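The following blocks contain the structures, represented as C-alpha cells.
Two complexes are shown next, each including chain A; its partner changes from chain B in the first to chain C in the second.
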Partner chain A sequence: MHQSVLAYGRSRYLWAALAVCATAIGAYVLDSPGVPRNGGTWLGYTLGTLGAVLILWLMSFGIRKRAYASQAGTVQGWLSAHIYLGVSLLVVVTLHTGFQVGWNIHTLAYVLLWIVVASGVFGVLVYLRYPRLLSSNRGSQTKDQLLSDLADLDARCLRVTAGMPPEFGEALLANRDRTLLGGTAFALLAGQDRSQILLPVVGGATVLYQALPNPDQSALLDWLGQRLAASSDGGVSRQLQELLGLVGARRTLLGRLRRDAQLKAWLEVWLYVHVPLSFGLLAALIAHVLSVFIYW
Partner chain B sequence: MRVLIRFLRAGPAGAVEQKDKLYDGESVTLGRATDQVVQLKDRRVALAHAQIILRNGHPVLISRVPGGVLVNGTLQREARLRAGDVVTLGANVLRILPPPAGCELAFSFELDPDARPQSVALDLPRLRLAELGFGKRRWSWALFLGVFLLALAIPSAGLRSPQIQESLRASLLPDDHWWSPGPLSRVHEVLGTRCDACHQKLFQRVRNDACLTCHASNLHQHWPHPGIGAAAPEMRCASCHAEHHEPATLVRQDPAVCINCHRDLKALAPATLIAARVTDFAADHPGFAVPVTDESGLKFPHDVHLAKDGIRSPVGDTVLGCKDCHALEPGGARFRPVQMQRDCGGCHLLDFDPAYPERTVPHGDAKVISGFLVDYYSRRYLEAYADPLAVPGTARRTGPKLTAPERERLLRTAREQSAMVTRDLFERRSCAQCHDVTRDISKVPDEWQVKAVKLRSAWLKGATFNHAAHSTALTSCESCHGALDSKAASDVLLPDIATCRECHAGGDAHATPPDRLTSTCNLCHGFHGDENPLWQARGVAP
Partner chain C sequence: MTGTRYRIAIIGGGPGGLSAAAHAARLGISHVLLEGSPAHANTIQRYQKGKHVMAEPAALPLRSDLEFDAGTREAILGAWEQGLARQQINVRYGAEVTGIQGATPEFSITLRDGTAVSAEQVILAIGVQGNPRRIGVPGEDLPVVQYTLDDPDEYRDETIVVIGAGDAAIENALALARQNRVLIVNRSDEFNRVKEGNLKLVMKAIEDQRLECAYKSSCTRIEPASDGRRHVLTLAGDQGESRIECDRIIARIGATPPRRFVERCGIAFPGPEPAALPVLSSRYESSVPGLYVIGALGGYPLIKQAMNQGYEAVEYALGHTIEPADEPLLAAKFQVLPFILGVDDTLALMQARIPVYSAINPLNFRELILGSRIAAPAAGEVIFLKNDYTNSFFTILAGTVEIEVGEERKSRLTLGPGQFFGEMSLLSGRRRSATTRAGAGCVLIEAPRREINRLISSVEGVRRVIDEHFIARAIQTSFAPEASYDDLKAIAASARLRRYKPDEVIFTEGDEADSLHLIRSGSVAVARDIGGRDVVTSYVAAGNYVGEMGLVSRTGRTATVRATVTTETVSLDAATFHQLLEKNPTLRDQVQATVRRRLAENTRMAGQPESGDLISFLMQQGLGEATDVLLIDETLCIGCDNCERACAETHAGTSRLDREAGPTFAHIHVPTSCRHCEDPHCMTDCPPDAIGRAPNGEVYIRDNCIGCGNCERNCPYGVIQMAAAAPEKPGLLNWLLFGAGPGPGQARHGSDQGDKGPKKAVKCDMCRDVGGGPACVRACPTGAAIRISPEKFVQLIHDTTR
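Presenting the complex of A and B:
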C-alpha cells in the first residue's frame, strides 16, 4: 500500500516540526533581551545553534539516502523528517535573525536558505503530482519501448514510400532525420518541438527545397495533405492515406515522448537548485559563524 | 539565396547517380544537427559545422568550428567560393560548380571514396537533464568554493596584515565590512568600515580598552559603592552598549543588568548604604529617601500664595499660579532656582521711602543695605530733603553754601534716619516677612543676621526626573505636588513612590497593565551617575 511521504508515521514529523516552530515562536515572544532582538542574545545563540544543527542534519540526508546498508531508520522516514524539519528551519532561522537583514554575508546565508527550502518545497509539490501524470502518459511502456515504436513507424513509412515517387521517400527520410527530441534544458522543460523538415515547395516551373519548421509533424502532414488533394492516381492516393495515418501516429508518439521527458525534467530540475545551493549555503553558514566570532 | 545542390551517388557497376535539388533560403548550413540545410550523417562533423552565405553577391563559406574547414586542402575560417573549389567536411566532399542561370551558387555533394565513413546512425535523443551536461556535483563544488572564497577566505586575508586589509578595503574585492551584521549608531558612524577600531583581538569580545581609546576613562565608573571593591563583577561597556542593531539602541533597556547585583547587594557590598534588594519598580523598590522637612531657612506658605481669591499685590489682589514663580530650565528637566528679585520682587517690593516709593534697597545682607541707606539719606539731606516724617523746622534752608556745623548736623540726621529705616526693613516691613532675622548689637554694622537660605533644585540625587516629559494632558502640578494645602516652607512637596506607581509599572513588559508604562531601572537611574558626564571625549576625536 502506497503511503505519501508526508503522511509517514502518522505525520509524526509534521507534529515535531510544529512543536519546534511553536517553541521557537513562544520563546521569541517571551524573551525581552533589552537590545533589539538579534542572533547574539542567548535566545539568538540558541536558535542559531538549532538552525545550524538542523542544516547539517538536513544535508546529511544526501549521505543517508545513498547508504543502502544503513539501519538508521527508513529512507522514507528520513525524507518525511527532511521535508517537515526543513520547512520549520525557516521559522527557526527567521527568529534567529530577529528580522534584521542587510547587505552582508549573514543575510546571504539567510537568502540562500530561503531559496534552498523553496526549491525543496517545489520538489515536494512536483513529486506529489507528476509521477501519476508520468505513468498515465506512458501507459505501461518504458521510454525505450516508445523509442522502438518510433523506429518501427519510421521503417513502415519508408516501406510505404518505396513504391511511390522518390520525393516522398526523401521527405519521410528528412522527417526522420530532422526530428528533434530534447536537446536543451529549455526544450525539455517547455516540451518544445524544434524539429525541422526539408520539403520541396513548388514555385512556378521549378522545384525548390526549403527548410521548414515542423512542430508536431505539422509541415509534413500539411504537405502530404496537399499532395493527396492534388493526386489523381488512385494507387498513390491510397499510399498517401496510409502515410498520413502513420505520420499521425508518429505525431502522437512524439508528443508522448516529449511529455515524458518534460515531466521527468521537472521532477529533476529543482534538485539542480536545491543541492548546489545547499552547498553554497553550507559555505555561507561557515563564513557566518566564523566571522561572527572573529569579530565577536 | 537560391542554390543548386547536385547529389552524386555511386550506383551499381560504377555508374554515378545524379540528382539536382534547388534550395531556397537565407543561407546554406552544413552540419550534423537536424536543423541544418545539408545534414551530414558523420560523427566527425559538428552539429553546426559551416555556413555558406552571400556577401556582396559572392558565396562565402564561414567555418562554425574553431579549427576551420578544409577548402582546397587548407584549413580556412572563411573562404570566398569559386567554381572548381573543393570543400571537405569529414567524409563529404563539396565541389563548387558554375551556378546556372537564376542561382547564386551551385555545388555537388558526394561521399569521398577515400574517406572511411563513420557511423551514420542518428544521435540518440538526449531526454534527461543529466544527459545535457548538467551536474549537481560540479555546481555544488563551484558554489561552495565560490561562497567560501567571497564570504570568508578573501575577507580573512585582511586579518594577516593592515596593508592587506587596507588594499582589500580600497578594492572591489570583499573585505571584512561584508561581515558587519548591521549599521553603527549615529555617534559611531565616524568609525566607518574600520572594524578593527573596536574589534581589536580576534575571537575576543570587544574590550573596554577599545572604548577608552576615544572615551574619557572616568566614563565607565559606576555609582560610588563603598566596599564593593574586587567583589564587583567586571562590567563590559558592550554589555549595555550594543552596536550593529536595527533600530539602533545604544543603551541596553532591560533591568537585568542592574538586578544581577541589586537583587542581593549585601552579598557584594556588606557596607552598602542603599537598599539591599531592588528588583522591580512596581513590586520591589524602596520609597524615596526624602527629608521630613525642608530646611530652606525661608518663611513661605504656598497656600496663601495660591489662594483662590488671590493675594494682595501692588496692583491689587492677584490670583497666582505655579508658573508665576516657577519656570522650567531650558531642556525642561528641572525648574530654575527661585530668585527673589526676579520671581518674588514683583510683589515683594523693597521700597523704604514714602517720598520716593520707586527707590528700593538691593536684596542683600544688612551691611550692604545700611550702607546703601546712609549714602541715600546723606545725599538727600544735603540736597534739602523734604522729609515727610521730619520735625518741622529741621529742614535745611536753601542756599548756596552750607556751613561746617550745618553739614555735620545734616549727616548725623541722615545716619539716624538710615538706621531707623534699616531696622524697620529688617524687623518689620520686608525682610522678616520671608526670612528669619535676628539682631545682635555687638556686631554693628552687621547687627541683623538673616538665616541662610538653602533652596534645593534636586531632591532625588540618585535619579533623573524630567518635568517636561511628565507634562501631559493627564497631569498638572497638583497631581504630584500638594502645594495648595501647604502652610509652611518646611513642607516637602514631593510625591511618594505610590504617586509614581499610578502611571509607572515595573520592568517586565509582559506584566505591564495596558494603562501603565513599562519602567525599567534606567528610565530614572543612570548607570554612570550624575557626577560623570554621559559622554566625554578624551582629547581630540580620532
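Presenting the complex of A and C:
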C-alpha cells in the first residue's frame, strides 16, 4: 500500500546510511595517523573519495528522475536513498576535513555542502507535511474547479448588480478585475493578498472612483456593510444582503486558492536553492580536488 | 409510378453501396443507387475535416471498382466522387427509402416522396446508423428544422431551439449557447441517461442562465412566423401552451435503428436481441430471395469489408460464383490443420464437429473463423494458466485438452473433440479459473471475445449451450469439484441466472434467506444497518458468492447486498445448497470458514464506520468493476506531475492519465486513468476489434485502431483520448549541449498540432511494452501513486482509516 519515502523498503537506506556513518566514525576514532587528522591522510583520502563518489551519485538522482523508461529501481527508492545517504554525507565529509576549516576553496565546498544538505532536509520536511495540508485545503476539488467556482461567483455578483445603482456594478467589476492571486515570490510564499478595488469617493456631484487595497475582500465587505446599514430601500437591501453572501463566499474561496498557491510554492522553492547550489558544490568540489592534486 | 425496372437496386450510398453500384456499372448492368442524404458516404462526410481514415484489416485485399486506401477523409471522398463520375453510376440522392415490397424478380421500393422504384434484385447497404428520428409534428419538414449540426460556430446571435435531452442534444446546445440564445426542450423533468460530465455542464449552464431549458415540454407544431423569416414553435408543457419564435430548430432525438425497417422488408432475424444480425446465406442473401444485405448491417463494420461485399454481392446477384476475397487468408489459417481439404469443406467439417457452432449461418461462421486463431499446440503445452486475464473462447477441433480442477488434488478433467472451454472468463471478465493444457493431437479454435459475444446475442442455440455450461462449471468450481457433469447438470437446472442494474438490491437485511448468489460478473457491496445508518462493510468481486451467512445459520439475511455495477449472478435455492453441503463435508468446512472470516471483517468494519464511507466512495467511482486501478494518496502527493510526464515519455508523447482530475475522498484520490474493467466498456463497439486483454489483465489498444472514437465515447470514465504520435525527441546530449528539441519531460513539438498524423485511440496499457511495471508508479518520487487490484481495497481502507 501507500508508504512514505522515509519508510521505503522498511527504511533500508536509513540502515545503510547509519552503517556508513558508524564505519566512518569508527575508522576516524581508531585511526592514529601521527599528524593532526586531515584530508591528506590515508583515511582522509578514503573518506574524501567516498564523499566525492556520494556527491556524484546523489546528483545523478536528477538524471534518474528524468529517465522515465529506466528500470533501475523506482524513483521512490532512489529518493529514499538520496535522502538518507545525503544526510550521511555530512558525517563523512566532516570527518574528511578533520575539523580543519579556513578561508579557502576547500572550506567553500564544505559550506556549500552544508547548505545543499540543509535545504534538502528542509525539502523533506515540507514534502512530509504539506501534501496533507494541500489536500485538506482543496477539499475534494482541483485548482481548476476552484477557479471555475470563482468565475461563477463573479458572474453571479454581476448578475445581482445588474438591477442595482451603477456604482455597485463598477465596484464588483473592479473587484473581479483587480483581484490578484500570486504576484511576487514573497507575496506567494507569505500568502499575502495585494488585491485592490475601485470604490466611489463620497461627496461631489459626479461619482469618482478611487483604488483602495482590498485584502481578503475587506474593503468591499466594509463598503457593502455601510451601504446596507444606510439603505432604506427594501429591494436594494435584499440585493445587498445577497451580495454580502456572495462576496463572503468569494473571500473564503480566494483564501483557499491563495493557501493552495502558497503551499505549492513552499513545496518548490527549496529546490531553487538545493539544485543550483548542488551544481555550485560540484564546481567547488572539482576545484578542491584539482587544487589538492596540483599543489600537492 | 411506372418506369424502368432496374436489374439491381442498391440502397445506401456508403462504401458498400458505392462499391456495388460501381461494379454493376462496370459490368453494364442496369442499376440505381438510392441514397437518402444529399451526398455519398453520409457517415464519412460527417467525420471532422482532415480526419485520417484507416484501411483495416490490413491483410484483407481490396476487391472493388472504386479506389480505397488509408488517407484523409477528403482524399477518400474525392476518389469516390471521381469514381462515381467515371463509372457513370446511376445515383439518386435525397431518395430516402421507406419500404421494400415483394421478392425477386419483382421488388417495389417506395421512397419518402411517395414514388416507387422497381427492381429485380436489391442490395441493402444502409449501415447501422439509422435515420435521425423526426419530431413527428406538423412542420417537421420545414427547412428551419435540422437533424444534424456540423459546426456550431457557424451560427451567431440566433435564437435556436434544441429538441432532445440526450448527450448529442446537450453537446449541441452547449456549443451553440456560446454565441446564440438557446432553448433546450426536454420531455422529462430531468436529464437522465446522459454522461455525468454532460449532466454537470448542462445543469450549470441552465443555472448560470446561459441556456434555457423547457422541462416536461414537447413540441406540438412548427409554422412560419408573420415576418416570413423566422418560425414559431409551439410547446405543450405543464403550464399549458407556449409559442417560441426562433431562427433554427435542431432536433437531436436519436436515430431510429434500422432494425424495424429491415424487418418490415421481410428479412428474418434469429432473435429479439438488439445486437442480433439478420439471417444471411454465405452469399449475403437474406431470407427474402433476391434481397442481399452487406456492410455494417450484416455485421461487417469496416470500410474495406463492406466494399468487397458490394462487389461480391453484385456477382452473386447475377448468379456468378466467385471466391470471396478472404479465401487466401482462411487457407493460410488452415495450414496447421491435419486435413487436406478446401476452405469451404474445412469450414463445413468444423461446423459438423463442433455442436456449439452448428446452428450458426455459414457466413457468420466464416467471419468467426477469420477472426479466430487456429492452433495445434504440442501435448502438455499450456493453453492458459489459472489466474490469467485472457477472455477468449476455445473449441476443440481434434485431440484432447486437460483442465486441472480442484484445489490441491490436481484432478484432471479431459475434454474431447467438439467440446469447448474458456466460457467462464469470457462471460465474467474475471481471471481464468483453471490451468488448461493441450492433450495428444490437439487442434483448437480460439475465438476472440467480441466474435463470441456477437454470436451469443444473435444465435439462441449458442447462448443456451454456453449458459448451461457456465452455470454447471461455476457450481463445480465453487462448490463441487468432485461432482460429475451429470450431477452438476441436475443442480444447474435448478439454478437461475439473474441480472441486476447498478445499485439494484439483490437482497435486504432481515429478509428470509432463500438462496445463495454466485457472482458471475460485476461485483456487489455488502451493507449493514449500524445504529440506524447504512454502513458498507465489504465489497465482493465476481467469482465469489454472497448470501451464505443467512443460509448456514438458517436465520434471515444478515446484510443488504447491492450490485455496484451491472451484475449477473447464478442463484441456487436453499434446498439445493443444503443438499450440496450434506453431500460434501469439505465444502461445509469451506463455507463455514468463509462465514467466520466475513463475521470477523464485519466486526472490524462496524468499529470503523468511516472505512465504510471510503468503500462506498470507491464503489461510486465505478471501481467495483476495476481490475487494476491507479490511486494517489494525497497526503504524500507533492503534485510534481512526474507520473504524467513518465507516462507521456514512455507512450509517444501523450499522457494517458490526468493526475489532478478526478474525485478525492479521505485523501484517496482517483485520477483519470484506466482501471482495466472486468468487462471493458471500451470493447463493446470496436470495428476492427483492436482492443485486447493481456493475461495479466491490462486492456490495451492494438495498432490496427482505425481512430473511430467509439471507445472514447463508450468509456464512462473518460480515460481514452484520440491522439497522434508526437515526433521523436533528440538525444539527451543533443538537447543538453546544443539545445536541440524538447528535453526530458518537456512536451514534444507537434503534440499540440495533432492534425498532422492519424489520430488513434490511446489509453493506459499498464506499460506492457516498457517493462518493469507502470511508469507512473515507478516515477513517483514520494510513493503517492500506487496501482492495486480491488482485492486489496480492504487492506488499503484499513491502512487509510487506521
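The rule is short, and it goes like this: the second predicted complex is superposed on the first by the 290 of 296 C-alpha atoms of A that agree within 3 Å, B and C clash if a C-alpha of one lies under 4 Å from a C-alpha of the other, contacts with A are read in each partner's own complex, and residues count from 1 in each chain.
To be clear about the criterion, a contact is a pair of C-beta atoms (placed from the backbone, for glycine too) under 8 Å apart; a residue touches a chain by one contact, two chains touch by 3 or more.
Keep in mind that what you see is a predicted model, and the values were worked out from it rather than measured.
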Which of chain B and chain C A:198 touches, first, second, both or neither: first
Chain touching more of chain A, residue-wise (chain B, chain C): B
First, second, both or neither for A:143, with chain B first and chain C second: both
Which superposed partner A:69 touches (first chain B, second chain C, both, neither): second
Touched partner set for A:35, first chain B, second chain C, both or neither: first
Touched partner set for A:264, first chain B, second chain C, both or neither: both
Residues on chain A lying within both footprints (that of chain B and that of chain C): 143, 264
Sites on chain A touched by chain C in the complex: 1-5, 8, 65-69, 71, 74-76, 78-79, 127, 130-132, 134-135, 138-140, 142-144, 152, 155, 159, 264, 267
Chain B residues within the chain A interface of the complex: 2, 5, 21-25, 34-35, 37, 39, 41, 102, 122, 125-132, 134, 136, 139-148, 151-152, 155-156, 159, 176, 178-183, 195, 199, 202-206, 242, 245-247, 249, 252-257, 508-510, 520
Chain B partner contacts - residues on chain A that touch it in the complex: 30, 32-36, 38-40, 100, 102, 104-106, 108, 112, 143, 147, 174, 176-185, 188, 194-196, 198, 200-201, 203, 206-211, 257, 260-261, 264-265, 268-269, 271-272, 275-284, 286-288, 290-296
Chain C - residues contacting chain A, complex: 204, 208-209, 633-639, 642, 645-646, 649-650, 660-661, 663-665, 667, 669, 744-745, 770-772, 775, 777-784, 786, 788, 792, 795-796, 799-800
